[in-house]
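These are the structures, in structure tokens.
The following pair of complexes shares a single chain, chain A, combined with chain B in the former and chain C in the latter.
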Partner chain A sequence: MVFSSLTFLLFFLPLTFLLYFLLPGKLKLLSLTVMSLIFYAWGEPIYVLLMIYSISLNYGMGRLMASHAEAKKQVLIFTVVINLLMLAVFKYTGFFIENINGFFGWRLRVPAISLPIGISFYTFQALSYIIDLYREKFPVQKDLVRFACYITMFPQLIAGPIVRYEDIERQLARPKVSMVNFGKGTMRFILGLAKKVLIANYIGAMFDMLHGQAAGSVLSAWLMTLAFAVQIYFDFSGYSDMAIGLGEMLGFEFMENFNYPYISASVTEFWRRWHISLGTWFREYVYIPMGGNRVSILKHIRNILVVWLLTGFWHGAGWNFIFWGLFYAVLLILDKYVVSRWKLPKGLAVLATFILVLLGWVLFYSDTLGSAFSVYGSMIGIRTPLSDQAGLYALSTYGLPLVLSLFFCLPVMKVLKGTIEKSVPGRVVIYIVMTGLFILTLAALITESYNPFLYFRF
Partner chain B sequence: MKKIILYEVAFTLVLAGILVLFLSKKPLNNVMSETFRQSFLEEESAEGMEAWDGLRLRRDFALEEADYEGFVLYGEPDTMSVRIFLVLKCRNEEQTKPAVQAFERYLDRQKEAFEGYGASQMKLLEKAQIYEKGVYAALVIADDPEEWIRLITELTEG
Partner chain C sequence: MRKKRYLHQLYRILGVTFGMLVLGCLFLLLIAPNPDYSEKEKRYLADAPKLSLSTLASGAFMEQTEDYAKDRFPLRDAFVSLKVNLDRLFLKKESQGVYYLKDHTLAERFTSPDNTAFRGMIQAVRDFSGRSGIKNQYFLLAPTAAYVKKDLLPANALTDDEDAYISAIYDSMASSVEAVDLRPVFEEAKEDTKLYYASDHHWTSEGAYLAAKELLKTMGIEDLPAYESGVVLNDFSGSLTAKSGFTLPVSDSISVYKEKDSDIVYTVTYEKEHRMSGTVYVPKALYGTDPYQVFFGGNYPEITINTSADTDRQLLVLKDSYANALLPFLIPHFSKIKIIDPRYAYDDIDVMVKEADYTDILYLYNAVTLSEDTSLTLFLKGEVPGEAGKQGDTDPGEDPSKGEEYPSSEDHSGTEDTTVSDDESESADTEASESDSQTSGEDSSGSGPENTETPPAESQSENTDPIPSDSEPENTDTSPSEDTQESSDATLPPETEPARRLTLNECVFVGDSRTVFMGSQVINGVAGSQVMDDSRLFATYGGTLADATAQDNASRASQVQAPVAFFWYGVNDVQIMPDRDDADAFLQRYSAMVEAYRANSPGSRIIILSVANTSVNEKDYYPGQEENIARYNAALSAYAAASGFNYIDVTPLVSESSFLPDNIHFTNAFYQQLMPYLQDQLTQLTTP
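On to the complex of A and B.
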């Protein structure tokens, strides 16, 4: 089920709230867990089995780790291996077999397993629990319902933010349910929904149109990549806003996942602002345990390469994602050891970073490396005209919305909202605008076809 | 220590069981739209039908061509004809159910349109068949829909 579906908005969400707010004490979390499992099972019920297994494994092994201090390392290794094995089998089997077949000319059968939605996200959450429990950052969770609620909680289940157990442990014991939080959460949810439905889907249509034409000109190639940059930002940050908003309504505070990434003045800053929860996860559980930056230059470079190879691979079982990760590894190494010594004017640094990010998105949205290089070729005009019919049509049809969307990538609205909401009439204006936005979004949803979130496929 | 090993063995066995359950599923063939198109055109009963484009997919089914990996849509130019051969290859299995719902809505609208005066059309609409498996969804409205459904099944599951 997706947040931007009418089934979710008109049936699932009201019923979940009704149960959650009416039921007392522990039953609240139980109802939230059951509803989250229904939410997860909506598309492909059989994968709930896998989630129940993940809950049982991490809960059970956590209990064992706490009661058998002498063997906690063994328990940790076993649990981490099984979690990663699950992820590897369901996400990467096809990729490995296809590559083996291609390399050796074999004809091994590619198993018919599709990617269980959200597996990358909930597996990383489970890993954060078991690793931090080993590090004794918190006591073991003995309450199965609370633990199951942590793993399954539907707002962040499918596309993050990746919530670390450490950040939510106390909230599970006492969710901060209040009218104020509910109101704030509702506003955040509406904002996220509008980002997805009104901007990401609209600009996504521009990307799809140009993508279908295979970038026949310099103009088309740049417009297509710009459209993708806008689409993926509003799609994913919109989902994160909805998740954070829903969490707030239910009394939970999740970490922020985006902080206006396109105003970054360096690639390093970009990754501090984009998909923050994933970056934090890799820093906490891979980069720092490997020594982080407190090692020799060579080892530091190795650490960056490993983390970004894994980050790329986490995003998908494909060579384009691996190269996308390595692309950022190289940029981050250059940023750290070369570019940071230059004194570039801020505006130029922001523009240069944005162009580099755009080049990265080409690898991300291309199905194969060949098609990515073909787009790069078009971008610099190799055997490609400056403009074509598709590019000019896209510019005339979507040009203004694209510019407006890029404007919304800047923190202007945030500053404006911060100023307006200081006064009572200002707050009333914000409520009216948000209500209007919600109605507009619902109207768009009714006429729209199915539009899944881009990050669901990870 | 014994307890830990026991738990580890138990969890490993359960995971192995789950993996066997998932991996033993027979895979669907990866059939491209072109294959459906060629096989369909080889059928005698396809005579008189013409290929329709994404605009028709949007107009009749409210489905956007770009949202899907591919589609094959054939119909008859005569506005009074209801015969249709539509196969949609989705990008993921989550898209299949909404696609089938779009087919059902189309069928309902057609039945409303022809009910009361189009006896022959109603006959075809009543025996229309919908196919749904993995990433494939198909709608067949024809004199002998089973024949075309068999063709689709052979290509995807055969």
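On to the complex of A and C.
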């Protein structure tokens, strides 16, 4: 199931919240877990079993570690390996085999394994549990329901943010359920919904249109990449907003995942503002254990390379993602050792960072390195004209929404909201705007099924 | 976290509002009566989802739930309107292929046709015009709003060149028909006259009247009666508003023209429906879903208008719906008008022409419809979609010389095509698709000179004509030349058991798109694997055994008199045929096709290939497909055994990695495995 659907809004949410609010104490989490499993099974009727297996395994191993403290390390290694193996098998098998075939010229059959939704997220959450349990950051979770609730909780199950167990441990015992939190979460949720449905989907259509024609001009290439940058930001951050909002409605507080990444003045800063929970996870469980930056320069560079290659690879089973990670690894290393010594004016730094980020997105959305380089070529006008019809059409049709969306990438609305909410009429305005946004979102979702019977063609 | 107490009330109220909105919508969705049919979209809306183990497992239940919620949402039309018009606020000027013009009218986008379809149609029209023996032939290709009002289109709108298309059609057919070019007339009139509806893709009655005058002038009819017009409907909201969802500030009205002092009486006979009417107008339609149907009540396979006009001229019209508004103006000038709509008609056109005395033929289409149409081509060749076995007048078995020119006359050196195809990526069209024009091409050889006067780009199809000397084709057949001789000489005794090993290039393949892609064709961006020469392939993209093309492919293949014929049909049948669960029906059609082949090439060894499945990703869309395929293959293998044919199972070669992203067609790598396998099997079967 996805948040941006009528099934979720009209059927799932009312039922889930009704149960959650009406049931007492412990049953709250049970109902939440059950509904979350249904939420997951809705989209993955078979793979829900895999997730149940993952829950049982990690819960069991956690108990084992607690009861057999002398074998802590072995249990940890075993559990981590199993989790990573699961992820590797379901996400990366095809990639590995194709590459083996390509490299050795063999013809191994590539098994058709479809990717279970959210496996990257819930596996990482489970790993954070077992690793931090080993580090004795919290007592073992003996309550299976609470543990299951942590893994399956539907707000962050599909697309994050990656919630580390230690951040939520105490909240699981006593979620802060209240009307105020419900309303606050609602506002966040509506905002995320609007970002996804009204902006991301809309600009996504612009990207699709331009991507469909090969980048035929400087204008098209840049517009296409800008469109993608806008789409992925509003899509992902919108989803995170919805997740955080839903969490709040349920009485949980999740960490922020996005903090206006496109205003970053350096690549380092970008990764502190983009997909924060992932960056935190890698820092906590890979970077710091490897020594972080408290090692020799050479080792530091190695650490960055490893973390970023893994980060890229986490995003998808493809060489373009690995190169995207490598791209940032190089930039981050340069940033730390070279660029940070320079004193650039803020505006220039922000612009330069944004352009680098755009260049990175080209790698992200291109299927092959070749097509990425052809886009790069178009961007600087190698063998392409300055503008072409498709680019001009995109500009005239989507130009205004694109500019508006870019505007919303700045924290202006946050500042504006912070100011006007102080007064009563200001709050009324906010109320009207949020309600209006929700209605518009509903309109957009309904229109997706607009499908007139075309017998008029005759 | 700082507690901003003053926000708490806002949060509470917003939370409550949200909850009430959601619950309210849910309540209305479930309780309030929602229409089953959408007036605006002209279709039935989704039903409640069906709960069962299978729908749950397949995910169909989940999809149905979402569709149901979307379709039955309370105030659905209002929400859609809100969204679409909000889009317009953000300068979105296109929706579903419909453009919003600067004068607040709508126009449908024009897309250039597929190159093969274009040439197929040209050939079909020319051939039919030739063999019909009718003196006066006219082609009226009406431009649409997308062209006439092109300066009002949104800036840089991506629409193909309709003007070039119309010119290409007229130029290619110049030798067969007389063109009625409306472009200058409309260009002049467009400022003062409303030629097209704002909300519908048809022309107005004014536009039709203007066109009719131009047409009659071309026909040599100068004496035109006086007309007066009257509005029969205000608030007409047509096809384009329905399709796009845009709402227009001003609504259309429909007018109808009446002769001022008419003494002509006429009857309108709907031949297949067995009813008659005294008028071409159907006023009831004005209050229905498509008011444009006031003209004739819509489109019918065959309508005859008999008039009391004092003239010997009788007109045969092949048309689309644009004609409906124009034909009334022709009534005073013909004693009989026969109106055929090739999309619905199923009689034999040549028989119809023979049995009557038509003095004039008129083709009346609009550019958008014609560019997407295939029925005209098929109808003129005597092939009707959905009716197997109907051929044109030409019987493939008759002319012994036919075997000769067929295999050697292909020119595969991808020559440049006509202006229309500039933006198409098609190259090197194969004879497999063009050979349809062959059978009718034979008859037009009588009108020899016409066929030689072709624009250079047309020479591709000309190569198949036996007469013109310009066709000096290269033999790009990859097999040694002696094979070509063998297969092209129809007098060779059928069962020559070759002493040396038989190669695939000496065989023919009859099948659907999976066979097409053995060759070099590029269709819908998918390129063929080029493992076989196109001249050995007799296949139709999207073809099923119920199409006339199946028999056609078989009979054309039989002309080659190849030692072996491979048959590979089934994947489309199992997906789109209504009786796909019926393996017997499948087998019946299959055997009919094979018999059609054997009728002309009795000495060929017949090898039937098993129906291969599609990717597992398609599983949900076609429930029961795997079982049906198993049944088909069982039936095929039994049939082969009983008839003395061979059956080769290709499924061991097929894995998930064999499929292209479209889940149905195979990768080049697959074909590179398949052909050696088939060669291997062939060798085993044919060496004693």
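In this text, the second predicted complex is superposed on the first by the 448 of 458 C-alpha atoms of A that agree within 3 Å, B and C clash if a C-alpha of one lies under 4 Å from a C-alpha of the other, contacts with A are read in each partner's own complex, and residues count from 1 in each chain.
Methods note: a residue touches a chain if its C-beta (ideal position, glycine included) is under 8 Å from a C-beta of that chain, and two chains touch if they have at least 3 such contacts.
Since this is a predicted model, take the numbers as computed values, not measurements.
Trainee: When the two structures are laid over each other on chain A, do chain B and chain C clash or fit?
Mentor: clash
Trainee: Tell me which partner A:Val110 touches in the superposition: chain B (first), chain C (second), both or neither.
Mentor: Both partners, chain B and chain C.
Trainee: With both complexes superposed on chain A, which partner does A:Met86 reach: first (chain B), second (chain C), both or neither?
Mentor: first
Trainee: Name the chain, either chain B or chain C, that contacts more residues of chain A.
Mentor: More residues of chain A are touched by C.
Trainee: Does the superposition put A:Leu50 against chain B (first), chain C (second), both, or neither?
Mentor: In the superposition, A:Leu50 contacts chain B only.
Trainee: Quick one: is A:Phe78 in contact with chain B, with chain C, with both, or with neither? Answer first, second, both or neither.
Mentor: Touch partner of A:Phe78: chain B, not chain C.
Trainee: Touch test for A:Asp208: chain B only (first), chain C only (second), both, or neither?
Mentor: Once the two structures are laid over each other on A, A:Asp208 reaches chain B alone.
Trainee: With the two complexes superposed on chain A, say which partner A:Gly60 touches: chain B (first), chain C (second), both, or neither.
Mentor: First partner only, chain B.
Trainee: Once the structures are superposed on A, label A:Thr435 by its partner contacts, choosing first (chain B), second (chain C), both or neither.
Mentor: In the superposition, A:Thr435 touches chain C alone.
Trainee: Let me test your reading of the model: by the given contact rule, A:His68 touches which partner, first (chain B), second (chain C), both or neither?
Mentor: So A:His68 only meets chain B here.
Trainee: Can you tell me which of the listed chain C stretches (278-286, 404-412 or 620-628) runs into chain B once everything is aligned on A?
Mentor: After superposing on chain A, the stretch of chain C hitting chain B is 620-628.
Trainee: Across the two complexes, find the residues of chain A that touch chain B and also touch chain C.
Mentor: Touching chain B in the first complex and chain C in the second, residues 43, 109-112, 114, 449-452, 456-457 of chain A appear in both lists.
Trainee: Taking the complex as given, what residues does chain C use to touch chain A?
Mentor: 4, 6-19, 21-23, 25-26, 29, 38, 40-43, 56-57, 59, 62, 65-67, 69-71, 73, 76, 79-80, 82-84, 86, 90-94, 96, 154-158, 200-201, 238-239, 242-243, 245, 290, 299, 320-321, 343, 369, 372, 615-617, 655-657
Trainee: Considering the complex alone, what residue numbers of chain A touch chain B?
Mentor: 43-44, 46, 49-50, 53, 56-57, 60-61, 64, 68, 70-71, 74-75, 78, 82, 85-86, 89-90, 109-114, 117, 205, 208-209, 211-212, 449-452, 456-457
Trainee: Going by the contact rule set out above, which residues of chain A touch chain C in the complex?
Mentor: The contact residues of chain A facing chain C are 1, 5-7, 9-11, 13-14, 17, 42-43, 45, 109-112, 114, 179-187, 190, 249, 389-390, 392-393, 395-401, 404, 421-422, 427, 430-431, 434-435, 438-440, 442-458.
Trainee: Which residues of chain B touch chain A in their complex?
Mentor: 1, 3-4, 7-8, 11-12, 14-15, 18-19, 21-23, 25-28, 62-64, 66-67, 92-95, 97-99, 102, 134
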